[in-house]
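The structures come next, written out as structure tokens.
Each of the two complexes below includes chain A, the first together with chain B, the second together with chain C.
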Partner chain A sequence: MAFNVRFEMLDKGIARITLAGELDAGTAPLFQKEVEKATAENAKRLVLVVSELEYIASAGLRVLVFAKQKMGRQVDVYVVGAQEQVMDTIRKTGLHNSVISVKSYDPAVIENI
Partner chain B sequence: MDRIDVYPTHQFEGFKLRPGRAYPFGANLVPGGVNFAIFSKHANYCVLVLFEKGKPKPLAEIPFRGVFQKPGTGEPVWADFRVGNVFSMVVFDLDYENIEYGFRMDGPGPRPEKGKPALHRFDPSTILTDPYAKAVGGRDAWGEKPNWADEYPHRARIVQDDFDWESDRPLEIPTEDLIIYEMHVRGFTRHPSSKTKHPGTFAAIREKIPYLKELGVNCIELMPIYEFDEFENSRQSKDTGELLMNYWGYSTVGFFAPKAGFAASGKMKDGTMVADELKTLVKELHENGIEVILDVVFNHTAEGNEEGLAISFRGIDNATYYMLTPEGYYFNFSGTGNTLNCNNPIVRTMVLECLRYWAAEFHIDGFRFDLAAILGRDPWGAPLANPPLLETLAFDPILAKCKLIAEAWDAGGLYQVGSFPAYGRWAEWNGKYRDTVRCFLRGDPDQAGGMAQRLQGSPDLYARGGRGPTASINFVTCHDGFTLADLVSYDGKHNEANGENNNDGANDNYSWNCGREGSTDDPQVNDLRRRQMKNALAMLMVSRGVPMLLMGDEIGRTQKGNNNAYCHDNEFSWLDWTLQKPNEEIFRFARACVAFRKTHPVLRGSTYFRNEDYAGSGFADITWHGTRAWNADWSSDSRVVAFMLCGMHAKDATVKDDTIYVAMNMYWESLPFELPELHQESCWRVFANTGAPSPQDIWEPGAEPVLSDQRQFIVGARSVAILVSGSSAAGSTGKREG
Partner chain C sequence: METLILPASLDSLAVIRKHVQTAASDAGLEKKDSYRLLLAVDEVATNIITHGYLETGIDGRLEVRAEVDGEHLTIALGDSGPAFDPTQVSEPDVNQPVEDRKVGGMGLYLAIRNVDQFKYQRVGDQNRNIFIMNRKHMHSGGSG
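What follows is the complex of A and B.
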């Protein structure tokens, strides 16, 4: 499946990136570009909606690491609706400690700063 | 910000290049590109070979010397990207996550011929793995049949070191407080009964951390995890048709690369993910107070002898990396075909840099060196009085807090238990501890005196060299030999399944089958075996020094009498977790013994007993007893050792602990032991008595019942009793260490 990424800046400095398809070395730069946009906007929270994401390779994980490093520890990174395979990859490499994983998009939680 | 002076100065077939940095060796990310640096003293020509990941044919072959183009103008220009004996260049704009790389080398000497000795083995038709590769592909999923036609089977990959360790650092647990658990990464969870999500992997060990914590160990020692080839010398068993493999992995392909096949993420063919999976394991173990020691194999490599194939070293610089006879045959001090030339300064530096990498980048807490006596031999094989490698490691600033443990012998006959060059740092696998305890355990004569030494941390072996009891890693079993359950179930080894007519594996096992060979339903034999296992665990946990348990011994793991299961990736080797239930009694005993050791600092001294009362307690730090108190029997007929550790002398009298009395009766009948009298306010409580049926065989530390007869304790046939002093009021056993 083709890769798709969409960036939105919500209220209260929340950056939302919606990912779909396969995030691998070929498509990671597209993701990275959107993360950089969020950084440029001084986002206070990064929300990654990944329920349509089917695969994440190391290059994709590295963008997550990059996001975390670039935005600083005070910026929470939410991963929303990860499929089991994607979550498993995040867990195996220890990144689950750096992100907040939630099953579904609940604005009361995710958009509450 | 990128450096502005890093720009390409040369071009080759569209690849932008510049002369590289000669140091550090390996493939390292630099702004805009990748720096490749590789040493060879004897090669006169080197080519960097780049592959797209997994592709059979190279993407590019870039020589380090020749005619290049100037960027922009395309004007031809001759260049030699080499500093001293190091070929180095930067390649710009590489998609390094999708690249595999290797080298071709040429140099003096004829093309190597299989089976023929040679000083040099240069052959530019072979693509060679970088000795400094931080990830090696080709065996990405364990046991997956390799592509034998691949012209580059072990492919170097590039790794990013950006793992988020947060505040993790090595734990630096004092050596005397360690309780080591030796395990095989795959074997620990590969059995379906482990019920882990990714059986046989680093990730699965994480799932079992609660088990390790329950057992109470605070250090795991991983059998080799450097990249190796499980298919090396693989063969079909003549009897069963089963594939016999290089399961243990004592045969390194890449010293800097974690074994991809041990990672659940290995099949994603991404070196960084493999590394991150291992780092995540180390981090979580640390969070749970458990250290990680790696079993490292620097004595030889996977390239074998004259008959072997070039993977890396022999094609890069055979004469530097290996010990060779004047004719060019490989010295074989390792028993596996070749011997790494560890005291050559180049090789020594590689070993040092490798260990530094693992300590700094993977937060590894210590290393156990396989056949470490080899590391003390000179390039011609003679033992050195002051081996530079061992000294370098002992004094290295980055390894300064790492535990260094030697297997102090080699296959060339050098046996250095007690005499390994230690520089105040090195500990040893104490093979004599193992043998003495085994002999005493089975009731051999002439063992009481030796046993007294082993219980004290083997001062007879180590005190002379100014070393303390932490020089002694005490063990009764390890991966190499019988498991504990087999030690008490087999008189002889049963290695037929290895396909070598039972000729492989050690013959001196000092084991005893308790009356029947192998599995039996005779309840008396099984009772005795259980008791003997508990006896061994008790002896180990009350000995001064550092105890090491073998994976699964706490639940009676068996290899069906096989004492050399190196080739079995099957139920011989895997930990069968269903044993937890039938052997719950052994686990309970082991867990309590570990807890007892952790509770009582008097068991964990870092110095030897002085046999005197320097705390003014009225008792010497250690006193020896027998069936009569204060009267030890050291005669050759004695099967009895009893001793008392005065709690006021714990940790050199800096800590107050309870007093502990241990009576070991390896005689075949029960014997009454007169107990040494305690001070008035104290009384003896019983912590363990292997002669009693479970659950009266052991108590939780702190909940030991008071002995009704304070003067005498009947210790059953082949049984161990451990008593602890406490106030006669119920529920209190005196002060303990914080």
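What follows is the complex of A and C.
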């Protein structure tokens, strides 16, 4: 599947980025651009919807690290619906300790600040 | 399987992954092992393209070759960029909180740890990165 990324600003300062396809060094700059929109908006929470993300390389993880470092410890980063192989990679690099991973999109949890 | 020759550009990464995926399927690798292998090759290819070519401004080519024998699937990734041995790069501290981490290092860490064997060779003016995955054989079950 070709890479696709979509940015939305929800109420209460929640930034939601939906990723699909393959996130590698070629497509990571597109993800980076959307994260920068979230930081420009001073988002209070970052929600990454990744149920259709088939592949993630370290270039994609680097954007995630950038997001965490730029937004600060106060801002939670949710990873929603990660496929097994994607979650595996996140775990192997220790990044699972820095994000909140949930299986499905429950607005009561995710959009509740 | 024939050798795939591609420009050393980021656009080639998806093509390389597809090639490796096909080789993995043909070799009967399980889904998880296929993914580990293609991530590893992708990470090293990315490094070659980014550091060996994009940063030095050289136009280059990558060669990807798959070989199967009874026990292994071997992917050989070749380039003629500057000498670079991925096994010599220091590993990131994956136990360190993200907020304190230095950038970088994750790609090669994922690559080398993900495959059953990894070898780097410098042959003349060529880098050769070799990824080996064990083929697991399904034995017919039962003691009869």
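In this text, the second predicted complex is superposed on the first by the 113 of 113 C-alpha atoms of A that agree within 3 Å, B and C clash if a C-alpha of one lies under 4 Å from a C-alpha of the other, contacts with A are read in each partner's own complex, and residues count from 1 in each chain.
The rule is simple: a residue touches a chain if its C-beta (ideal position, glycine included) is under 8 Å from a C-beta of that chain, and two chains touch if they have at least 3 such contacts.
Not measured: the values here are computed from a predicted model.
Novice: Superposed on chain A, are chain B and chain C clashing or fitting side by side?
Specialist: clash
Novice: Of the two partner chains, chain B (first) and chain C (second), which one does A:G94 touch, if any: first, second, both, or neither?
Specialist: both
Novice: Have a look and say if chain B or chain C is in touch with more residues of chain A.
Specialist: Greater contact footprint in residues on chain A: C.
Novice: Does chain B (first) or chain C (second) touch A:S51, or do both, or does neither?
Specialist: After superposing on A, A:S51 lies clear of both chain B and chain C.
Novice: So in the superposed three-chain picture, is A:N4 touching just chain B, just chain C, both, or none of them (first/second/both/neither)?
Specialist: Neither partner.
Novice: Please work out whether A:E22 is in contact with chain B alone, chain C alone, both, or neither, and reply first, second, both or neither.
Specialist: After superposition on chain A, A:E22 lies in contact with chain C alone.
Novice: Between chain B and chain C, whom does A:Q85 touch in the aligned arrangement: first, second, both, or neither?
Specialist: second
Novice: Considering only the touch criterion stated at the top, classify A:T39 as touching first (chain B), second (chain C), both, or neither.
Specialist: A:T39: touches no partner chain.
Novice: Just checking: does A:L61 make contact with chain B only, chain C only, both, or neither of them? Give me first, second, both or neither.
Specialist: both
Novice: For the superposed three-chain model, which listed region of chain B (256-264, 580-588, 688-696 or 724-732) is the one that clashes with chain C?
Specialist: Stretch flagged for C-alpha clashes with chain C: 256-264.
Novice: Do any residues of chain A touch both chain B and chain C, and if so, which are they?
Specialist: Residues common to the chain A contacts of chain C and of chain B are 25, 57-59, 61-62, 65, 68-69, 89, 92-95, 97-98, listed in rising order.
Novice: Per the contact definition, I'd like the list of chain B residues that touch chain A in the complex.
Specialist: Against chain A, the touching part of chain B is residues 95, 97-98, 160, 162-164, 166, 197-198, 203, 263-265, 268, 270, 272-273, 276-277, 279-280, 283-284.
Novice: In the complex of these two chains, what residues of chain A are touching chain B?
Specialist: Against chain B, the touching part of chain A is residues 25, 57-59, 61-62, 65, 68-69, 88-89, 91-95, 97-98.
Novice: Okay, in this complex, where on chain A does chain C touch?
Specialist: Result: residues 22, 24-26, 55, 57-59, 61-62, 65, 68-69, 72-73, 85, 89, 92-95, 97-98 of chain A touch chain C.
Novice: Would you tell me which residues of chain C are touching chain A in their complex?
Specialist: 10-11, 13-14, 17, 32, 35, 39, 42-43, 46, 49-50, 92-99, 101, 103-104, 106-107, 109-110, 113-114
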